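Look for chain A in each of the two complexes below; its partner is chain B in the first and chain C in the second.
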Partner chain A sequence: MSYEKEGFVPNPILTGLVGICPLVVAAKSLAEGAAYGLGAAFCAFLLGLLIPPARAFLPVRLQAPASLALSAALALIYSFCLEMYSSALAAGLWIYLPLLAASGLSLVALRLSSSTSRSGPDGQSRLAVIALQSAWFLVTSACVGAARELLGLGTLTIPTPGPSLSRIAVADFAPLRILVTPAGGFILLGFLAALYRVTLRASGRKGL
Partner chain B sequence: MSYLGIVLTSIFASNALLIYGFGSIPERERKGSTSLASALALACVNVIASAILWLIHSLVLAPLRLASLDILFFALIAVPIIKFIARVAQQSSIKQDSILFKLGERSDDLAVGSLVYGIALLSARSGYGLLEAVAASAAAGLGYWLSQFLLEAVRERLELSDLPTSFRGAPAMLLSAGLMALAFMGLDAALIKNLVGA
Partner chain C sequence: MMADKRETLVENLAVAAAVGVLVLLVAVLSLVAHAGTKAQEGSSLAAACSGSSPQLALEVDDPAFERIFSLRKDSGSLYGTVVSLRGNGASALVCAFYSPQGELRELHTLDSFGDRLSDDERELTSRFFDTERVLARAAESIRDAARKGE
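Moving on, here comes the complex of A and B:
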């Protein structure tokens, strides 16, 4: 695609809807959005880094199951780290922490790093694409979480370490309480995707 | 809750796509995701995955206080079993357009993805017995298929409508999914419990 030649990696959430559905439920606050985005970025980047060398010494039949097991192990490592950092945050993300193993971003990283196509980007470029997509995912997830919490509850939750999270009351009212529900998450992301498309068109990037 | 209550809750009040966000909303490229083979594949894969994970979780990991490792064991045990069954189904079907072949093909795609992982984890961790977990996961698969089917119908209608360019495609689907999620939220678990009994 043209954006690959330009060195531009589009936002995977707002253009490709990568990993969007779990994000709609998991990222209900700034802290949860940031923690979920960081987890997805952590798993995807390490998968991109570890799979190509692992493929060199693993038999072909074991490569796919080993990649899935590695993805699950990375999700578990991140879950344990988050549990140690803040048990409240880990409890808030609930089932979505182990599900990082099968998040859309992890699956894209798995596919990119397992690709044997010679026509596509080389290993370093693939890792750079995964890193940029991961960074986009982290930023978007944190922003979506913050917007939903701010407009839905009038607060901002800071991901502080310890058993409880610190919550800052920003407004006395919550104008769009629906945004903290999954339905509100889908609607907000729909508007953000349209806005992102307008921004891309305005900057002259067509065809996205 | 009765089995009917569990099934209705899993289809509507706890819809896998619109309430839990497992899986993904329909894309134009994905053909056949709303077919009968797809619905059957979803139910079968979810039943197999949930039964395996429930057995691992309840009989092995929970007594050893290692329940949080269930996702790793799921990837190591359940996914290869589902893929093996899917390949056997594909190889044992005579014609490539037979429902068994399509079922196997779709099951192979489904084995790796947040939908099957999510439903299996939810069933294993929700405190259900084995049969209840299996019923809930089969119904969750059907609930996911129902929401895909409805969203696909909406997408077809939207393609014919005069939407602003920026809203065509993914943004319109997300907005539709949001409105549909609102409708599904109306059927909450307490209401279903009152309707069909405890």
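Moving on, here comes the complex of A and C:
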């Protein structure tokens, strides 16, 4: 890959580690996990859709600032839409909504969209790769949120429209209260990463 | 040389115009969201405190609350606001009602989770949240709104 010709190539360490931190803190209930995952998927998919055609008429020196401006605008558009849908959800996700502009998924979408090659690693189109990753991110975010809420509070929050969210009381006790805290989110993410490694090893593939 | 400069200027203007359109779109959406939130807060306050329909008294620039509403009840005039209380990994929206002197009268949680808290947990939760400072700032804004309303 020729880096001289790339408009904006985010650092993979920033993409992988820093980009995933907001997910761990923000997805502390089913509703917040689903809303955060949907926002990340929305931003990433539209970045993948809009950046490649924009590269055709944007000069190389303006591609990086234009990509970041588009990413920030998409994150703001999603946060306003979520605020109109449910002010409780928007208040719960707070600063993490504008941070969708720099979420792990948005940075992956920016990296793939900035690539000069037309296809992704498995020969799929770049947009198909981004769509698949977005879908996985959405499912992971919702599952992480649901698991943290279920084990940490014994409830499940449904993302209903309006000023308040409805909660289903699943259990009268909460076995692992630490999971609703950010530290608990990181612990859960560690276990998920270990599970991912074990699954990859069992299938004979090499991890990222 | 001159042609290059002209081309660069046209490119810059085209990108500035595109970014301008994006900014316009975001600004329009923010106004729509602002109006929607204002209506939602008004209806939440009306539902929490069965008085007259709330009227916007003051808009404030505070991270925990944005609008102060005035409303009338049988017991006299009240001011209300929807406060976002947050702590270490938790958040809740609360309707807070104050007297014109800034004295806190009622608190209603907008979150159904509040109904599930036991008394001990309520106490812990209220410690958990940095409630006191937020409610004091709201009281100060209510006194401002009351002074402006006189």
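Quick note on the criterion: the second predicted complex is superposed on the first by the 179 of 208 C-alpha atoms of A that agree within 3 Å, B and C clash if a C-alpha of one lies under 4 Å from a C-alpha of the other, contacts with A are read in each partner's own complex, and residues count from 1 in each chain.
Rule of thumb we're sticking to: a contact is a pair of C-beta atoms (placed from the backbone, for glycine too) under 8 Å apart; a residue touches a chain by one contact, two chains touch by 3 or more.
Being a predicted model, the structure only gives us computed values, none of them experimental.
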item: Partners on chain A (chain B, chain C) - clash or fit; value: fit
item: Partner chain(s) touched by A:88 [first = chain B, second = chain C, both, neither]; value: second
item: Contacts of A:135 with chain B and chain C, given as first, second, both or neither; value: neither
item: First, second, both or neither for A:193, with chain B first and chain C second; value: first
item: Partner chain in contact with A:71 - chain B first, chain C second, else both or neither; value: first
item: Of chain C and chain B, partner touching more chain A residues; value: B
item: Partner chain(s) touched by A:103 [first = chain B, second = chain C, both, neither]; value: first
item: Contacts of A:163 with chain B and chain C, given as first, second, both or neither; value: second
item: Chain B versus chain C as contact partner of A:50, first or second or both or neither; value: neither
item: Chain B versus chain C as contact partner of A:143, first or second or both or neither; value: neither
item: First (chain B), second (chain C), both or neither touched by A:174; value: neither
item: CA minimum distance (chain B, chain C), superposed complexes, angstrom; value: 6
item: Interface residues of chain A shared between complexes with chain B and chain C; value: 25, 69, 73, 76, 80, 181-182
item: Chain C residues within the chain A interface of the complex; value: 11-12, 14-15, 18-19, 22-23, 25-26, 29-30, 32-33, 36-37, 40-41, 43-44, 82, 84, 86, 88-91, 93, 110-113, 116
item: Residues of chain A touching chain B in the complex; value: 15, 17, 20-26, 65, 68-69, 71-73, 75-76, 79-80, 95, 98-99, 101-104, 107, 178, 181-187, 189-191, 193-195, 197-198, 201
item: List of chain A residues in touch with chain C within their complex; value: 25, 28, 57-59, 62, 66, 69-70, 73, 76-77, 80-81, 83-84, 87-88, 91-92, 94, 153, 155, 157, 162-167, 169, 180-182
item: Chain B - residues contacting chain A, complex; value: 17-25, 27, 68-72, 74-76, 79-80, 112-114, 117-118, 121-122, 125, 164, 166-167, 170-175, 177-179, 181-182, 185
